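Below: a set of structures, written as structure tokens.
In the two complexes below, subunit A is the common chain; its partner is subunit B in one and subunit C in the other.
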Partner chain A sequence: MSRRGRLSLFAVAGTGLLAVLLIGFHGLPRFGDYHGIYGLLVNRVEPAQRRATDIVTALNFDLRAFDTLGEEFILFASVAGVAVILRHLRDEDQDLQRSQGIEDHRFAGASEALRAGSLVLIPLLVALGAYVVFHGALTPGGGFQGGIVLAAGPLAILAAGRYLALKRLAPEWALEALEATGGACYALIGLGGLIFAGVYLRNFLPLGDSGQLLSAGMMPLNSIAVGLEVTGAFLLTWTEFLDQALVVRRGELRR
Partner chain B sequence: MTFFPYVVAGWLFVIGLWGVVSSTDLVRTVLSLTVVQSSTYVVLLAIGYRSAGKAPIVADIPAASKLVDPVVQVLVLTDIVIEATVTALLLALVVQAHKRFGSVDPARLRALRH
Partner chain C sequence: MTALQLVALLAVGVIGTAVVFVPEALRQAFMLGFYGLALTLLFFCFQAPDVALSEIVVSGLGLPVIVLAALRKIRTQEHAREDGDAE
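What follows is the complex of A and B.
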């Protein structure tokens, strides 16, 4: 379709969409005037019955724990999808030894200051990520948020211009294992609920004291499991894309 | 100004959609889609807000305080995970499209025009 045809089609569809949007917005509660009973109930129940102080995480790993399992699988499936789409085609070669100029990417000319700064960043990012994962049930954060920060740690090696070092530190098999372990741990924690509490993903661990690191029952474990999966999943995705940019070469170029 | 957040959400939705439609670069199309999706975050958070309500974290405030709705915030978290996965898949398709056709301009993807 030509560009003009596409835009005029959008003008027609856009008018209808605008009408639907306006009707839809009209039916929303006024800003700051929300009276949904479910959220109010959750705010009362979760701190009292689960001793969690971050109600968002408590919802995620308690009331919506089964949805979170689905979310885990979505992430898992999408990483598998990226790996399949970006698989190495027959005429492509990804032999690291023969790929000339692999360190010759945009960051390879990194200044000493950038390199030193990136190396300093790695422990800080890992520490912050671990903190966010472990304190998921206490303060803002949790497995998803902390997992991203954790994954950014090794990525700092790339910013230092050392992609091969990143691949040595975090080879694909290790990332796949990390991701699978995280997903499996979450499912197994749910199984613990089935065995010890009679319902899949129901809390079966002692609740502890509100505000302590080991409190809120199984939430810290859930958080760690999700954190592992997210770290593995995102590092794997980034590795797949970076491989495309830096490692994979067309066969004919090699010869 | 009780409607302002919804105006922001509507604007993000429309401008993102315009980006998808008018784009001549598939990477830009994918990024425009993330703009569309970010409008849903604004809508969800705006719906769950209660005037003078605090964040639903009771680590350092009494649990009986007036708190905003946590359910929509969890939905935003799910939303972000979905957006990240969808973006990754679409960008992977763009990479392969570029290999196959040597261009990321949707008008130049020959096989799609038949």
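What follows is the complex of A and C.
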């Protein structure tokens, strides 16, 4: 199609989209004018009945705990898919023996300052990630957010130019196990609800005092389970992609 | 609407447009990181710190690592192919 043809097609489609958007925006409530009954209800119910102070986490791990189970499986399946495709792509032309030469592999221009900075970042990121995971029911955050921050900790080793050290610290089998354990734990916690409370994923643990670290029933456990899975999932995805970029040499070229 | 919210909205609009118009993929990846920062600010200003926390790690670290790895892979292959042609 010629440029003129495409542009005229865009003009028609764009005008239509603009019209629909304007009609849609016209019906919106005013800025900051909240009418949702559901939100107000959740704000009242969750602190009172579950002693959770972070309502978003309470939604994820209590009211919509089953949705979160589905999300866990989506994450698991998609990361497994990435791993399967990328491992199939390489002709196993990689081996760490041959790659030993890049043990001290540095990104072009990776300075001493960057390496030192990364070293400082690792413990800070791990501490922040653990904090966010453990305080999921209390402060903003939770398993997913904390899990990514936790995964970012080891990744700082990559920024320090030591990718193979990262691979030794977090080998693929360990990441796979971490991810699978997290997912399984979440499902098993739900099973605990089925056994002890009669409904899958219903809270069956003592609620504790609002604001305490061990409160809000099973939410801290859920948060830890999700945190483990997300940490494993992200590190595994990064490892697979980085393997392709840094370790595998001309794998599929001869196909 | 506070001034900070207005700034965040404008930043998302401007940087988002910039991501599209930056010509080279590598620069685009960096721009995408800045776009993530703007989005993080936006989420934070609109009282969604949970989402902001996810956004800053995913867009500041998660996505760029994958994009950079993919770009490097493509370049290595292109170099290898050129070498192959030259031989």
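The rule we apply is simple: the second predicted complex is superposed on the first by the 224 of 255 C-alpha atoms of A that agree within 3 Å, B and C clash if a C-alpha of one lies under 4 Å from a C-alpha of the other, contacts with A are read in each partner's own complex, and residues count from 1 in each chain.
Going forward, a residue touches a chain if its C-beta (ideal position, glycine included) is under 8 Å from a C-beta of that chain, and two chains touch if they have at least 3 such contacts.
All figures in this text were calculated on a predicted structure; none of them were measured in a lab.
Shared-chain residue A:A65: touches no atom of subunit B or subunit C. Put subunit B and subunit C next to each other and count what each touches on subunit A; the higher total goes to B.
With both structures placed on the common chain, the touch criterion links A:T237 to subunit B and to subunit C. Look at A:L138: by the touch rule set out above, it reaches subunit B but stays clear of subunit C.
In the superposed model, A:M219 makes contact with neither subunit B nor subunit C. Shared-chain residue A:P29: touches subunit B; no touch with subunit C.
Look at A:L75: by the touch rule set out above, it reaches subunit B but stays clear of subunit C. In the superposition on chain A, contact of A:V247 is made with neither subunit B nor subunit C. In the superposed pair of complexes, A:R3 makes contact with subunit B only, with no contact to subunit C. Shared-chain residue A:L228: touches no atom of subunit B or subunit C. Shared contact residues of subunit A, touching subunit B in one structure and subunit C in the other: 31-32, 54, 56, 140, 144, 234, 237, 241, 244.
Within the complex formed with subunit B, the subunit A residues making contact are 3, 6-7, 10, 14, 17-18, 21, 25, 28-34, 36, 38-40, 42-44, 46-48, 53-56, 59-60, 64, 67, 71, 74-75, 78-79, 81-82, 85-86, 89, 138-140, 144, 211, 234, 237, 240-241, 244. The part of subunit A that touches subunit C in the complex is made up of residues 31-32, 54, 56-57, 132, 140-142, 144-145, 148-149, 152, 155, 158, 234, 237-238, 241-242, 244-246, 249-250, 253.
For subunit B in complex with subunit A, the residues that touch the partner chain are 1-6, 10, 13-14, 17-18, 21-22, 24, 43, 46-53, 55-59, 63, 67-74, 77-78, 80-82, 84-86, 88-89, 91-93, 95-96, 99, 107. Across the complex, subunit C meets subunit A through its residues 1, 49-50, 53-54, 57-58, 61-62, 65-66, 68-70, 72-73, 76-77, 80-81, 84.
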